[in-house]
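Once you scroll down, you'll see the structures, which are given as structure tokens.
Shared between the two complexes below is chain A, which pairs with chain B and chain C, respectively.
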Partner chain A sequence: MSTDPWVWIASIGTIGVLSGILWKDNVLFRTVEHVFVGLSSAYYVFTAYRNLVNLGWAPLKEGKIILVIPMLLGLSLYTRFTKRYAYLSRWGMGFLIGVGSGLAMFASINAQLLPQIRANMLQLTSLNNIILVLGVLSIIVYFFFSVEQKGAVKHVSKIGRYMMMLTFGVSFGNVVQGRISLLLGVLESLLGKWLGLMS
Partner chain B sequence: MAISNVSVAFTVSLIFMTVVSLYVVFRVKNSDWQPKIRRITGLDHIEEAVGRATEMGKPVHFSPGVHDITVQTAPQTFAGLAILGYVAQLCARLDVELICTIMRPNVYPLADAIVRQKYLEEGKIDRHTDRTVRYLGEHDQAYAYGVYGIMRRERPAANIMMGGFDGTAVGFAENAAITGSISVAGTAQLPQIPFFVASCDYTLIGEELYAAGAYLSKDRDTTASICGQDVVKAVVIVLLLIGTITTTFGSNAIQELLLR
Partner chain C sequence: MTLWRRDIPLLITFLTGIIYVLNNVGTISIGSTTLGELVQDLNVWVLIVAAFAMGVASVNLLRLHGEKVQRRREGWGYSLVLIATMLGYMLIGALGTTYQIPFFADLTNLVYTNVQSPLGATMWAMVGFFICSSAYRAFRARNVEGTIMLVAGILVMLGNAPIGESIWGGFPVLSKWLLDIPNTAGQRAIMIGAAIGAFTTALRTVTGIDRRYMGTIE
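What follows is the complex of A and B.
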């Protein structure tokens, strides 16, 4: 059996979480849950503070005046706590949303749309390629929202639905296999590192 | 890839999609034509789920996902927040307690403002408390355990999850099923969709999540933008067909065009 206190803490924490999920809500699960939520919040508060100092305040003191703008935008988020200046928080929030939307648009076209169109322009000389191209086309038809699904559209979109379900099945199997290896890692840690039952 | 290195194909695609979407929106605005969106089955069951919670006198749990609003998957979070507005309005109208759990600090003020606004519109602001929208920590495991705990202790009758989700989300649906809650979920995260399909009662698949906001709001402009996206999809189908035929006959002209 381990004499390392960290192994004990990790093991009891693991058992606590598993007890809440596999059995029912209990004192150990609640303790682990609250400790985890509290610790993660504290960790991110500290990380945010460190980022503010290292990436904001320190370069600002060295003369990077431009950093005043993001700092002011960041500070504006706190104005929502006052009724009078709450409207200022929309500036910071608007900036964040704008950045998110811009990144999403750029990445969707560059990393998903164009490469996927290119990758699906295949020679229809094998059964695999024919299934792949027909599958992609029928799935796109499934995602037409302004067209009523009846007649030919209904049949094509049904093929698209079946293609997706097949893909989901394969993906499900792959991920479950990955999760089993994670479970084995946890069991190895509990039975080996903690209890010393495995070499 | 840096913004300065964008390809011609990217620029043309971006301009094309923007112009088509705006054209359809303006066309709809200046005409009597009312665009329609086909029925999205999963969304119809949100009302059923909230109604069930009303009958049982139990709360509704809502999660807008675990992704931030400053990343590539931000649109999923925005779609989740749009559905949150609808759910909050239903909860306020039917006097059902809403528990909205949040993982990202940036999402918290948006979710809180949306819920507060909907409670105000329904004249039930007194039912909106500090416990309605709850921040559970910016760590996926911490957030997951927080949600598991809420499921076990407060036993919501309906569990609605709309947004970007990762591996831990299957536990939300699993705990919801154990506590007898009905689950309606939607995400565009490909690895997560199979788990939602397997563990939830109703699932929105991929882009259905984005169309959900327009479907629920019935707003003409939003619905028109969905029609604009359908035009872009039709163009993609035509491009794919032409590209496949030309490739089959030995020409890579279309593929090379997309690489420029």
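What follows is the complex of A and C.
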């Protein structure tokens, strides 16, 4: 059994999280849950603070006056906590949303839509290619609500639905296995590092 | 007042959005500055504003839990733990990294490695239990769709786990085919749909048709 107090802290925390699932909602689980939220928030706030100092405050002190603009936009977000000036928070938010939208407009077309369409332009010379082309088309037909889903459209969209279910099943299998391997790592740490039952 | 409350935020969104779009169209210059250089500056601005936004989120969290402690609402003790952990870790982090005090720098790393990291991993692993329990409800072979999902999920798991190969050598092959062909078709179609959706939403936002981000503040 480990004599390192940090290993004990890690193990008790891990057991606390697992206890919420394996047993029921309990004091240890809720305490550990709140500790985790507190630590994670502090970590992200601190990372943000460092970004602010390194990218904003330090260059501003060196004379890069233009950085006053993002600083003011950032500060405008805090007006949300006042009733009278809350509308000013829209300025900072508008900036963040504008950048996000501008990036998304190009990225969605250039990095997602066109490459996927291009990759699906396959010659129908093998069964796999036929499944790929018809699979994609049938799912798109399923989401095409401008035409009433009856007759041939209904049949094609039904195939699309089956294809999607297959995709979801495959994704589910992968996700579950990923999480199980994570759990195995946690159990390995408990049984090995803490209790010394594994070499 | 409409100018301050509505028009200026709309203009900010439009201008920043359009700068990013035009930057990808070609090399455009405004005076001696190219749009590419402007975008590089804006990328730094975003990090600065996002850092302030993170501060807003933490103030909100502290307000919410602080109020709970102040009014002694149910579970206020847990809120106190959250506030203490958050402020304590922030203080340790500041003393360790900003003021470079070795003891606090080590403590920050130790807390991250032995508390935050294992708790995060266990939380993620725990989600596996929830997925399994919800899958039990959703995957019951009550109809064709449910059966397809169930069979595909089981085949992939059997194909990836060593036990599957010991049962039948064909499981890994079948699992790989499911991943490479039908799964690719499904993911591709979903990505095409999502890309069209993302583009439409972004276009609506930049042009000011979609203003939901402005909330209901009047």
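We adopt the following convention: the second predicted complex is superposed on the first by the 199 of 199 C-alpha atoms of A that agree within 3 Å, B and C clash if a C-alpha of one lies under 4 Å from a C-alpha of the other, contacts with A are read in each partner's own complex, and residues count from 1 in each chain.
By definition in this document, contacts are C-beta pairs under 8 Å (C-beta built on N, C-alpha and C of every residue); 3 or more make two chains touch, one makes a residue touch a chain.
Predicted model, so just to flag it, every value in this text is computed and none were measured.
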Which partner does A:F143 contact after superposing on A: first (chain B), second (chain C), both, neither?
both
Examine A:S171 and indicate which partner it touches, taking first as chain B and second as chain C; both and neither are also allowed.
both
Taking the superposition on A as described, I'd like to know which of chain B and chain C A:L73 touches: first, second, both or neither.
second
Touch test for A:M121: chain B only (first), chain C only (second), both, or neither?
first
Who does A:V37 touch here: chain B (first), chain C (second), both, or neither?
both
Touch check for A:D25: first (chain B), second (chain C), both, or neither?
first
Would you check which partner chain A:G56 touches, where first means chain B only, second means chain C only, and both and neither mean what they say?
second
After superposition on the shared chain, which partner residues are touched by A:S108: those of chain B (first), chain C (second), both, or neither?
both
Return the chain, chain B or chain C, that is in touch with more residues of chain A.
C
Now for A:H155: first (chain B), second (chain C), both, or neither, which partner does it touch?
neither
Between chain B and chain C, which residues of chain A are contacted by each of them?
17, 20-21, 30, 32-33, 36-41, 43-44, 77, 80, 89, 93, 96-97, 99-101, 103-110, 113, 117, 120, 136, 140, 143, 164-165, 168-169, 171-172, 175
The chain B residues in contact with chain A across the complex are 1, 3, 6-7, 9-10, 13-14, 17, 35-38, 40, 68-75, 77-78, 105-106, 109-110, 135-139, 141-143, 145-146, 148-149, 152-153, 167, 171, 174-175, 190-191, 193-195, 197-198, 205-208, 211, 214-215, 223, 226-227, 229-230, 233-234, 236-237, 239-241, 243-244, 246-248, 254-255, 258-259
Tell me, which parts of chain A touch chain C in their complex?
6-7, 9-10, 13-14, 17-18, 20-21, 30-53, 55-56, 66-67, 69-71, 73-75, 77-78, 80-81, 86-110, 112-113, 116-117, 119-120, 128, 131-132, 135-136, 139-140, 143, 160-177, 179-180, 182-183, 185-186, 189
In their shared complex, chain B is touched by residues of chain A numbered 17, 20-21, 24-25, 29-30, 32-33, 36-41, 43-44, 77, 80, 89, 93, 96-97, 99-101, 103-110, 113-114, 117-118, 120-125, 133, 136-137, 140-141, 143-149, 164-165, 168-169, 171-172, 175
Quick one: in the complex, what on chain C touches chain A?
4-5, 8-10, 12-21, 24, 41-42, 44-59, 61, 75, 78-79, 81-90, 93-94, 97-98, 110-116, 118-129, 131-132, 135, 139, 144-146, 148-157, 160-161, 175, 178-196, 198-199, 201-203, 205-206, 213-215, 217-218
